[in-house]
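Okay, got some structures for you below.
Both of the next two complexes hold subunit A, though its partner changes from subunit B to subunit C.
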Partner chain A sequence: MKQKSLSDRRLAINNLKRKIFRTTCLGIVVAMLSFTLFGGSILTASLKNGMSSMKQRFGADLMVVPKGYEAQTEGILLKGEPKYFYFDKSVAEEIAKVEGVELVTSQFFLTSLSAACCSTKVQLIGFNPKTDFVIQPWVSKTYSGAIGDGQLIVGSDIVLENNNTLKFYGQSYPIAAQLEKTSTGLDSSVFMNMDTMQKLFAGAKKVGMYFLDEQKPGSSISTVLVKIDKNYDAEIVAKNIRSTVSKVEVVVPQKMISSIAKNLDSLVIYIQIFSIVLWILAAVILGIVFSVTINERKKEFAVLRILGATRKKLIGILLTESLFISITGGIVGTLIASISIFPFSTYIGDKLQLPYIQPHTSTILEILVLSLLLSIVIGPLTSGYSAIKISRAETYITMREGE
Partner chain B sequence: MKNRVITGVLFIILGALIAFGPITIFPVCGVNATQQMTGDEMDKKSEKEGMQMGDDKSDSSKATDTKSTMDMGTGMVMKCHWTANVELGIGIIIALLGAFIIIFQSVQIRIGFNIAIALNGILALLIPTTLIGVCDGVHMHCHSLTQPVLVILSSAVIIAAVANTIYLFGINRKEQVKV
Partner chain C sequence: MLLEIKKLTKEYKRGASSFKAVDNVDLSISEDDFVSIIGRSGSGKSTFLNMIASLIIPTSGSLELEGQNILSKKDKVTSFYRNSKIGYIPQGYSTLSNLTVLDNVRLPFFFYKREGDATEKALDLLEKVGIPHLAQSYPKELSGGELRRVSIARALINSPAILLADEPTSDLDSLTTTDIMQLFEQISQNGTAILMVTHELDTVNYGNSVYVMNSGVLTKRNK
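Here is the complex of A and B:
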């Protein structure tokens, strides 16, 4: 029979196999730690990613809407709740004259009926390509050409039909581009120019929908988006607009974002504190367990010393044992965290009601390496002291102990 | 004995989760008419009901009320409902085969059961992803929760069954060598 050398690795594996319950329990502690570190970091990175995307996407400094529709506007922007409301087109001209206003562009809102593409109602947004400074810079990231008449630009959550078209009010419209995910309500919106909106509006009327005479894309609008002069404060310009133009309400997106950011920051801090506390706790638990078990195994190590094992070999065996536990626990914890987080990113985002976009692969890999490193290093780190202590013990005294 | 009990109980749990999960713990969207209707059907329906749009809040709420009535009224069944029904059948079969693994001692019979479980696992995986699918909307419950859970559970069934089959083949070979 082939003889196998008693290397550190072989001895460590055999020791771990012999005490399977203890090994499993220690592995579970490390797995919980790596689960929290990796899962918490991915969650934090996704929330931060979502927040920065949201900040980038609200290209306008102010949104002017009919009085009483602020909450509905927030619903459209944050949750993608389809709504429609109108005021006269002349409001845009009035706003353009207000002090501190640099650029204005108007949009027309309409909601679809439940469509085959999307299963639920979607927000239809008509914009003016000549004056627009909000949609087009965003569109240019995925589509370089101009948006032609009859073409649609759709948010990332819209499911396209097989022939790359969408059907609204009995008519099919080709899709020019699908936008990147923003983690805002705009992900479930459909964008088009005003000419296309007029066709769609006519289609809606044709199928029996009723609108007031003054409500049509040519003469009414739903919102005026404002870019303010750099030298002015958004709140002051909003106040100017409220005092100059009647029956309008001004939504300040940055203010809206800052309240979300506050919630998000507290959640991120909570996750980070929890991860740090758990790391310290895991280190303390592992340190105590290793110390106690190594103490119990004094005579086993004394026998090894008598058989010729050096002090270095004893330290090597103990560190290898703790390293195996840490590696296994770390990998298992990270794997469970990956299975629990990545397939459910949409669900987690929906439940948190916060902007949530999964980070890029490179960021995920960075987090993975860091979490694994922190989980793996904890074993040898906590067992190191006990290992050195036991290696220095006098073999003869240890063997005679308890006699 | 140990292998029989552990794998048997594992398959019973996984089978039960596949069978009853989509109707209890991680439910599908259920029967909902509007979400399954095509654009044409929807347009025709709205034509009949003479839905109105306007700029005041009362009109808006009217539209919402009409929608909810349509949801309740048409009685069309969503895709995910059928997925849940089929998974109920497949899950029960996996759980039963798991129980048989505990009952039968013969290694060769258990290899057969494991192969059957692996094949059922593949079917359980294909139902929500390819063969029937779930609703298209990414934020719908069946799409964001039920489908990924079913994919994970069926993958676990396949991996466990294949691993156990390989393990049992090894045991079977050893037993034959002894004989």
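Here is the complex of A and C:
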């Protein structure tokens, strides 16, 4: 009959197996901890990532729109709600002359329909490649060539047709590139140059969609994006524009972002505090449970000492037991967190109403290692004191107490 | 001489005063001895036994096993000494409930690197103590007498020089007590010295010398 040797590891596993309820309960505590640490950290990193992407993508310091359309502009930028509004092209020239304005570029907004004529209802944005300083730097990250006439650049959330095209107002357009996620409304927008926009506008007219009453698209624009001189303050330039140009409203994206950032900061702080509190709580719970169970097992350890186990060996067996619990709980918690978060990132982002972009794999791995480390270390850390205490106990007295 | 004890003393403090649980005890045991120490509860016999097993540090005196002084040594040394030179049978039930009978017996073998087959040896010992059929059972399935036999087999797994038995027959019926004592006699005849402490007078009929411990003082008694 071949039997395995009784190493410290085997003794520890055996002890855990024979007390399966106790082992499972302790494992659940660690799993809850690692779930919160990993899940919370991924959530926090995704929100921070989304925020940073949002800051990067709103490449303009100011956005000038027709008066009364401030809220709709925010809807386009943050939630991707398709809207259109127009003012005269000459507004861009007026704004360019305002003190503190360094660059201006205009954009033309159109929306598609959720009808047979169109693949999907999205925000259509036409830009001027010659003056643009917002879309093209972003496009260049995924697409190096120039955007030709009739070509589209689409946001990350746009679902393409099988032949890599999108149909708008009865005509199919090839997709030149799909942009990386920004976690803004721009993810569900489609971009094109002004010539393509003209064709699309004409197509809309053919199917009976009149976006403009009398004006021609060539003389209208939806927004003027402004880059301000670095020596000027955005709020002051915005004030200058409001007082110089009539019937316009100035949106300050950074101001808009800062209110989102405020909400985000509160949420991140809440998650971080919750993680710290849970870690401390888990440490206290595990410390108490280990202390109680080790105390209950006094006689067992006294017997081991009588049989010739060194103090170091007793500590080794106990730390191995707690390490196994921590490793198992840590892995299970992390796995559950991964299953709950990664497949549902879009849903989570929508529900939070905050910019949400999952961090890069390397960051996820860093978070994984740190969360596992913090979860794994908690077992030996909290059982260490009790293990040392029991190893130093007088064996004879412990044996009698354990009777 | 296998075990040489001189002026062994253990002093405890109780409140402001102190008392000697073991008082200047001298004792010599050779390889073929089967020594019984009798005494009332609290007479100091268990303290004395635990000092020999290096589980209690004496206040003064000397203790040599096979010519080696094992007092005041580091934990690593005394633990090894306890594991390899001493077979200790603690008072009451001392098996580990998470292990099978076979693993309980094999366990001390694996505390230090050793040559040989622990399983074969453990099965042989279980045969000798009369419970080979219980090898795969767990302690909770065993009777008091059977548990005591497991403890005896476990104490013998590393072929110790001396077997220390603390009240080995307490809480056993008379028939089982006789069986256990006969088992000790066999072990003694096979060349393992035995030092047993007990408060049961019937058991002193076994072995070759009897001592009485009273208030920590050890005196020899004629059989």
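The definition used in the following text is that the second predicted complex is superposed on the first by the 390 of 403 C-alpha atoms of A that agree within 3 Å, B and C clash if a C-alpha of one lies under 4 Å from a C-alpha of the other, contacts with A are read in each partner's own complex, and residues count from 1 in each chain.
One rule holds in what follows: a contact is a pair of C-beta atoms (placed from the backbone, for glycine too) under 8 Å apart; a residue touches a chain by one contact, two chains touch by 3 or more.
Every value quoted in this text rests on a predicted model; they were computed, and no experiment measured them.
Peer 1: Which of the two partners, first being subunit B and second being subunit C, lies in contact with A:208: first, second, both, or neither?
Peer 2: The answer is first: A:208 touches subunit B but not subunit C.
Peer 1: Should A:300 be classified as contacting the first partner (subunit B), the second (subunit C), both, or neither?
Peer 2: Touch partner of A:300: subunit C, not subunit B.
Peer 1: Quick check for you: in the superposed arrangement, does A:84 touch first (subunit B), second (subunit C), both or neither?
Peer 2: first
Peer 1: Quick one: subunit B or subunit C, who's touching more of subunit A?
Peer 2: Counted on subunit A, the partner with more touching residues turns out to be B.
Peer 1: Just to be sure I read the superposition right, which of the two partners does A:5 touch: subunit B = first, subunit C = second, or both, or neither?
Peer 2: second
Peer 1: Once the structures are superposed on A, label A:130 by its partner contacts, choosing first (subunit B), second (subunit C), both or neither.
Peer 2: In the superposition, A:130 touches no partner, neither subunit B nor subunit C.
Peer 1: Which partner does A:170 contact after superposing on A: first (subunit B), second (subunit C), both, neither?
Peer 2: Touch status of A:170: first partner only.
Peer 1: Taking the contacts subunit A makes with subunit B in one complex and with subunit C in the other, which residues are shared?
Peer 2: In the superposed arrangement, which is not itself an observed complex, subunit A uses no residue for both subunit B and subunit C.
Peer 1: Help me check something: in the complex, which residues belonging to subunit C touch subunit A?
Peer 2: It is residues 46-47, 50, 53, 55-56, 75-76, 79-84, 88, 90-92, 94-99, 102-103, 106-112, 118-119, 123, 154 of subunit C that touch subunit A.
Peer 1: Please give the residue numbers of subunit A that touch subunit C in the complex, ascending.
Peer 2: These residues of subunit A touch subunit C: 1-3, 5-7, 14-15, 18-19, 299-300, 302-313, 394-396, 399, 403.
Peer 1: Under the touch definition given earlier, write down the residues of subunit B that touch subunit A in their complex.
Peer 2: 34-40, 42-43, 46-47, 50-55, 57, 60, 63, 67, 135-140, 143-145, 148, 151-152
Peer 1: Over in the complex, which subunit A residues touch subunit B? Could you list them?
Peer 2: So the residues of subunit A touching subunit B come out as 66, 68, 83-87, 111, 113-121, 157, 159, 167-170, 188, 204, 207-212, 215, 220, 339, 343-344, 346-347, 350.
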